[in-house]
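Next come two complexes built around subunit A: one with subunit B, the other with subunit C.
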Partner chain A sequence: MVAPILTVNGISKHFGGLKAVENVDFQVFPGEILGILGPNGAGKTVLFNMISGVYRPTEGTIDFRGERIEGLPSHLVARKGIGRTFQIVKPFTSLTVLQNVLVAKGIMKYGHLSRIWGPWGSRKDINEAKEILERVGLIELADRKAGLLPLGNLRRLEIARALVVGHTMLLLDESFSGLRHEEIGRLEALIRDIRDSGRTIILIEHNMRVTMRLCSRIIVLDHGRKIAEGEPKDIQKNELVIEAYLGRKGVLDVP
Partner chain B sequence: MNTFFEQLLNGIAMGSIYALVTLGLTLVYGVMRILHVAHAAVYTVGAYMGLFLYSSTGSLLLAFFGASIGCAILGVGIERFVYFPLMKYPPFVPLIGSIAVMLSIEEIMRLIAGPYILTFPAKLPFPDLSFSGIYVSSTIIAVYSITALILLVLWYISSRTELGLAMRAVSQDISISGAMGINSHLIVSITFVIGSAVAAIAGILVGIYYNQVYPTMGAVPAYKTLALIVVGGLGSVSGGVIASMILGVAETMLIGYANIPFPRDALAFIAMIGVLMWRSEGIMGSSR
Partner chain C sequence: MLSSYAITIGTIIVIQAIAVCGLNVIVGFAGQISLGHAAFFGIGAYTSAILTVKAGLSFWTALPIVIAIGGLIGLMLGLPSIRVREDFLAITTIGINFIVEALFRYIPFFGGALGIGGIPRIMLFDIRMKGIPFFFLCLFFLCIVILICWWFTRSWASLAFYAIREEETAASAMGISPVRFKLLAFVMGTSMAALSGSLYAHYMQFINAGDFSFPVSVGFLSMLVLGGIGTIWGPVIGTVILGVLPELFRPLVDYRILFYTLLLLVMIRFQPGGLLGEKSLVKNILSRTFKRC
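And now, the complex of A and B:
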């Protein structure tokens, strides 16, 4: 049995009386793609925000490679090698595509007063950033202002930045939403490629077919609680899931 | 004709000092989206600290350095203890907090130093020059050189260093910057250190330029620089500097040549209204 890389234990987040996430447990194993499904408002993004340090959990613990990370500020979580994307794409619009990746490249320097006064964009950093842009298919647009890119490319840019930071784990928040059919295929291939390079991925997704194809395991949230966990084929058949999330069975019939 | 050039030089000097104060305000607005009205109080404190250090040690260099360090500490204090706790409320809350800090500091300065106008009889280590009849005082040369040096250093920091890139990232989105590993709180504090140190230098320069230091010397700059960052385009450093220079020259020319009974301090606001009607994002601001 392989040891889990991330263990979420009894985690809850309450906003006043609203229980956005309630007592959720799960584990993530190295090299897998774990999907998180659930209707809008199920608490998926809140869960990501707790793992990535945006929110401090009301209760529960998060263990990443043997270290407790719940309640750490987001920049310290990032420095442990957890990169993330956001549901609403937010590039640094006034910077170029390459500069956007270089911001992430400076990651270890921003905490050290003595190291932030040096010039940014060393030859080594630029070459590494270009390699990543090559990998996500944005190299031709390296010098374009990020604010001018269409959505599909912005999603790739977000993944490029998350790749720089997340040398161990990536949290992808609805990376497929709003993409055209052919873009979905390319992004799927990219995510598989990232997994094959040895990283662990958790993804939140609305696109059922994509989730079923990509993920080795899936957990399903509803009203902040985990209602199911298992392999895609089991999730597809789970009565609770069908009732809570899908309403009708047909959607799950993936060829 | 000579008077014209001398007025022009005075105007640019005035504009340079406005630019130095406006810079801090622009940088703070950039990373925190707060109108840092109390910045003008930091500038007043800088002038007093500089005067105190100069009159007790006789060293202008010490006055500039000491006041910069003192004001940097004051600026970070305001950020940590006033703005940071108020950030979770709507923007007018930290703004009101800022006004409160501004008035408190003014009153504290009045209590400590008295409600008098003090003189700042410093001789700057620059020569008085004269070019074909146009007299250029050592003060003006000092203002020009110091402003140029500061702008050059800030340009280098913002465009060439990791810190500059991090500041640009934080000013666009704090949560994304966090996810990129940037300690945004540290970056915000450094911004306050830089802005406040520059404000201290501006305060000392004004003190020497007018040979006056008094508790409410920050009152007019407080609202004038607000108009300037709006005219320049909120968050745009170059816009703020350009707007400051134009205002400095326009004000000086107005006093020198216009014989109409026109309050010069109104000019910044008339310009603000005009620019907002023409380009609501300011002269260098980006439209969103």
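And now, the complex of A and C:
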């Protein structure tokens, strides 16, 4: 049995009286794609925000490669090799696509004052950043201002930045939403490719079909609680999941 | 021969431009609003005045201390300030300005309401700097400050600043500590203000708490917004225009603050990038006419 890379243990997040996430446990194993499903407001993004250090959990622990990371500030979580994207894309709009990736490359610069003050575009950094843009298919747009890109490209840019930071794990928050049909296919291939390069991925998705195709395991949240966990084919048949998504069966046919 | 009047105006403009460049680092590069920049301008002026008048140091020995103290106080006041953002940060910095001004005014060590007088002129190669030589000395310091800003915009640190300015959450998800870089901006900006204040003190030879009041901060911000926030030359252009205009319309001098405020509103509404910033009307017109030629 392989040891998990990330262990989430009894984690909760309360905003005043609202229990956004309540006592959720799960494990992620190296090299897998774990899907997190759930209707709107189920607490998926809150869960991501706790793992990536945006929120401090009200209760529970998060263990990443033997280290406790809950409550660590975001930038320190990032430096442990966890990259993330945002559901509402957050490009650095006045910078070019290439510069956006170079910002992320700064994670290697910490502790090197001379490098922080050195030029932003050393040849080595630029080449490495371009390789990543090539991989996500944005190389032609490298010198375009990020603020001018359409949503599909911005989602790729988010992944490019997350790739630089997340050399161990990537958290992808609804990377497929708002994409056209052909873009979905390409993004799926990219995510598989990232997984094959040895990274672990957790993805939040609304699109059932994509999740079923990509993920090796899925957990389902509803009202902040985990209601199911398992392989895609089991999740599809799970009564609780169907109920969460489609409502209670047979409400109308009361005798 | 230039009249001494023109030299005086020119010198004041150059001194102010140094402070506005510092404000540009905080507001333009790092995106942190500050409405209390005059406080740090004042801290520089008072520190230099005290070190030269009371401790008997020369301007040149005092200068590194002045810049360091300016940066250090910027760091100390920045630390609590950056816990708040945007409007709240604006209010906090206004508060800092009023507090610093009050300390100068009411603590006898700072000369109280009378201020500090008898500040010596700067000596350079045994020459007492005033008039044209002093103007060029200030211009020299302005060039250094601009050079630092120019260097900065080519460094990786500037990308980190822009990232924090535009999407703080995303920047920290990229491993950038927003606290550290915002403080860096405050330290850079306030030490430039302190340098500017020091030159001001040795030029005026007499300073008083009123020279560093809140309206002065509004003036600095107006110059920056007019010239172009986040550009290299914007602070200089803005300071020159707002430094010369009131002299041309002498009778309107009493309405300066009203004018500044209106200008701020108009610029932010119609030309948020300033004269040299993005989508600038002036730049557009210039580039079009040059293309036609």
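Everything below uses one rule, namely that the second predicted complex is superposed on the first by the 238 of 255 C-alpha atoms of A that agree within 3 Å, B and C clash if a C-alpha of one lies under 4 Å from a C-alpha of the other, contacts with A are read in each partner's own complex, and residues count from 1 in each chain.
Throughout what follows, a residue touches a chain if its C-beta (ideal position, glycine included) is under 8 Å from a C-beta of that chain, and two chains touch if they have at least 3 such contacts.
Here the structure is a predicted model, which means the values were calculated and not measured.
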Clash or fit (per the criteria above) of subunit B with subunit C on subunit A: clash
Touching partner for A:L102 - first (subunit B), second (subunit C), both, neither: both
Partner chain in contact with A:R161 - subunit B first, subunit C second, else both or neither: both
Overlap of the subunit B and subunit C footprints on subunit A, listed as residue numbers: 52-54, 73-75, 78-79, 83-84, 86, 90, 92-95, 99, 102-104, 106-107, 109-110, 115-120, 161-162, 165
Residue ranges of subunit A in contact with subunit C within the complex: 52-54, 73-75, 78-79, 83-84, 86, 90-95, 99, 102-104, 106-107, 109-110, 115-120, 161-162, 164-165
Interfacial residue positions of subunit B with respect to subunit A in the complex: 157, 160-166, 168-169, 172-173, 175-187, 190, 286
Partner subunit B, residues of subunit A touching it in the complex: 52-54, 73-75, 78-79, 83-84, 86, 90, 92-95, 99, 102-104, 106-111, 113, 115-121, 161-162, 165
Touching residues (chain side subunit C, partner subunit A) in the complex: 154-160, 162-163, 166-167, 169-178, 278
